[in-house]
Amino acid sequence: MSYTTKNFNIPTLKGLSEKQIKVHLGLYEGYVKHVNLISEKLQAVRNGEKELDPYITAELRRRFSFEFNGMRMHEYYFSQFEHSSQSFDEMNENSKSGLTSLTTEKYGNSENFITHIKEVAGSRGIGWVVVYYDSSMKTLHTIFVNDHELGQLAGLPILLALDLWEHAFMVDYLPSEKGNYVDAFFDNLNWGVVEKRFEIVNQISPA
Amino acid sequence: MSYTTKNFNIPTLKGLSEKQIKVHLGLYEGYVKHVNLISEKLQAVRNGEKELDPYITAELRRRFSFEFNGMRMHEYYFSQFEHSSQSFDEMNENSKSGLTSLTTEKYGNSENFITHIKEVAGSRGIGWVVVYYDSSMKTLHTIFVNDHELGQLAGLPILLALDLWEHAFMVDYLPSEKGNYVDAFFDNLNWGVVEKRFEIVNQISPA
Amino acid sequence: MSYTTKNFNIPTLKGLSEKQIKVHLGLYEGYVKHVNLISEKLQAVRNGEKELDPYITAELRRRFSFEFNGMRMHEYYFSQFEHSSQSFDEMNENSKSGLTSLTTEKYGNSENFITHIKEVAGSRGIGWVVVYYDSSMKTLHTIFVNDHELGQLAGLPILLALDLWEHAFMVDYLPSEKGNYVDAFFDNLNWGVVEKRFEIVNQISPA
Amino acid sequence: MSYTTKNFNIPTLKGLSEKQIKVHLGLYEGYVKHVNLISEKLQAVRNGEKELDPYITAELRRRFSFEFNGMRMHEYYFSQFEHSSQSFDEMNENSKSGLTSLTTEKYGNSENFITHIKEVAGSRGIGWVVVYYDSSMKTLHTIFVNDHELGQLAGLPILLALDLWEHAFMVDYLPSEKGNYVDAFFDNLNWGVVEKRFEIVNQISPA
């Protein structure tokens, strides 16, 4: 089993330079590489091809979450820029998904929802703003996850992921300009991708 | 929005006393209560009914993952004991799900799979062994999650959850007898529940 | 280099059984063992006697904090019971250390200080209440540290450590009786040990 | 009680621009501000001047470690550049401290010690390399601490702190050039400061 680096069809972005995206994609590739590196080692141990102290194996396995989430979260992130930006309202016009009713129910309207995500993005520390869908309650949760793996909601599918590691913006912005980066993220976000994610997980009848 | 404490139809278990389960269910109720408590506070702030320093609000939101996962992980845990235990092989006989082929592919056979989970359960620290399904690769990942929220794999549905907090077994066992508790877990596990979870998430066409 | 398991001269305690202490000391020994185990492996790698992938070495080193703190925090904990309990007031009568003036300045009086520690002990989660001394400000900080290693204050000496892992009390108490355990801790605490720690770090002229 | 932003007498550095240092010092000021902000709120609650839900107070207190360490670690960091760089060997010539014998004992010689720190700096993730002194064993520990507060060794004084958050170098370097930043750190490091720290903590007779 081996994960493959995905290619993202990212157009020219507003407020995020080609260099910024290129540097960031390079870091993403590092996560894919390390997921596979850990997986191979653990597999070799399971197969009896490699001997490792069980204590060491456990630590390697513990670290898998950091690398796996580093990979997966960046895939959520970059694919949100694919093709071209689409505003929440444009998405809503062309769609019959229930996403808008969910955001309305919890956050009042799309503007409030975006304002809320921006506020959560102002949390101090390094990590991600993540919007999850909890099918058991048919509700959204907007969370700040530290690093890649500290605070992910258990078992919930992810609809939106906003990277707030410093590497995500420091090619183009200073730390004090993080708010401008967050604005740029929303200028370029393709809400159609977020909606598509919701449609897929919404197929499931709740457990 | 308010989460409700679930009732679990748990039969008499082998090697896990009624008192142990009762104490454990009491802790689960504490998580549900605190999920709702945080949710209400955050909602009141969003609605303008309550004023809280944004810094405080952010910390409250950050802690939500601990309480939410504390609630949700226990729901995965207790529902695995419902009705009556079912061995992996019994589950496999009556089923056409692809779960067995997944476990075979990664772990060789069901016995190795269970041995593997037990080995991961031997990781030092407090937390959970969690088996996730990654639909993008059609593979399983068996991970040790620290506490409830440190190291959860991003966005992946959960098939199996084994609680390794000390409260999960210390009514009946000493810390040095953790292995006996893990054996008892598997003696009582209803693999049919695990399979049912897999069937539900397997409905989804991969993103 | 090899750390040695310390022996603690612990009298019969009130509200903490011999069995509880024995089980707990057994866990402490596990930490000492694993500190040495990691140290030996890392040393062997540094000496070129053992070859390990640098990625694996880094993970082993990262985990050192868990085991080292698991060892050290338990040493702070058990030595607080040595010889015989001494109340804050008894300690204060026989002493000329500035500890009392510190606690008075921050918490009002010794009773409030103990009430405060008990309140912090009520924080949800697994970990420790730790009282640190910051010589740069000549002040105390009372903190809840998660697990053993999440949230320790950088570089500050430790005056008091109260173990709130479930194994610290679940031989004698249920999780719902944690408050009784905390009371028992204070019934048995030798405040003279805390003061002695303060005297030692107070020798230092601030950096 | 209120912490004050320290001023550091930092000369022109090699490989670290004035802008980089200025931006970084700005972030340091944010930590001092937030340490005071949390302290004031907690103090007001203790004094009965402010009412806060105890759950909220606990979360605020839990977060204190992040802000406090963010402040303190940056103070260790910046003061290491003060006055002018001093190599390990220059430091050693003018000194009678036992620091060199400690580094020799554990790492062989000063060159190996520096190589070792650089290797630890290559650990994946965001955080710090920290060199601690354990007086009970008269030995050094070189650790990678995640973020500011995850993995700090309990109660040990800090001799050296190397910042590996992306903001520490991304004004001047790309993430892929982290090694060059680490080299620049050592080009500018005043080992005399490290030695002075050791002398101070070495005054203490071990507990």
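Residue numbering begins at 1 within each chain, and the chains themselves are lettered A, B, C and D in the order written.
Methods note: a residue touches a chain if its C-beta (ideal position, glycine included) is under 8 Å from a C-beta of that chain, and two chains touch if they have at least 3 such contacts.
Computed from a prediction, not measured in an experiment: that's the story for all the values here.
Novice: Looking at where chain A touches chain D, is over half of the residue numbers used by both copies, so same, or under half, so different?
Specialist: Chain A and chain D contact each other through largely matching residue numbers.
Novice: Can you check which chain pair, C-D or B-D, has more C-beta pairs in contact?
Specialist: Higher C-beta contact count between the two pairs: C-D.
Novice: Given the pairs B-C, A-C or C-D, which one repeats the contacts seen at A-B for over half of the pairs?
Specialist: It is C-D that reproduces the contact pattern of A-B.
Novice: When the centre of a chain is set as the mean of its C-alpha atoms, what distance in Å lies between chain A and chain D?
Specialist: Result: the chain centres lie 31 Å from each other.
Novice: Please work out the Cα centroid separation of chain C and chain D, and write it as a whole number of Å.
Specialist: Each chain reduced to its C-alpha mean, chain C and chain D end up 23 Å apart.
Novice: Using CA atom averages as chain centres, what separation in Å is found between chain B and chain D?
Specialist: About 38 Å separates the centre of chain B from that of chain D.
Novice: For chain C, jot down the residues that touch at least 2 other chains.
Specialist: Touching at least two other chains: 34, 55, 62, 66, 124, 146.
Novice: Can you check the complex and tell me which residues of chain B touch chain D?
Specialist: Touching chain D: residues 34, 37-38, 41, 52-53, 55-56, 59-60, 62-63 of chain B.
Novice: Applying the document's contact rule, which stretches of chain C touch chain B when the two form their complex?
Specialist: 23, 26-27, 30, 34, 66-67, 124-126, 146-147, 165-167, 170-171, 174-176
Novice: Touching chain C in the complex: which residues of chain D?
Specialist: Residues 1, 3, 46, 54-55, 58, 61-62, 64-66, 68-69, 72-73, 76, 106-107, 112, 116, 119-120, 122-124, 130, 137, 139, 141-146, 148-158, 196-197, 200-201, 203-205, 207.
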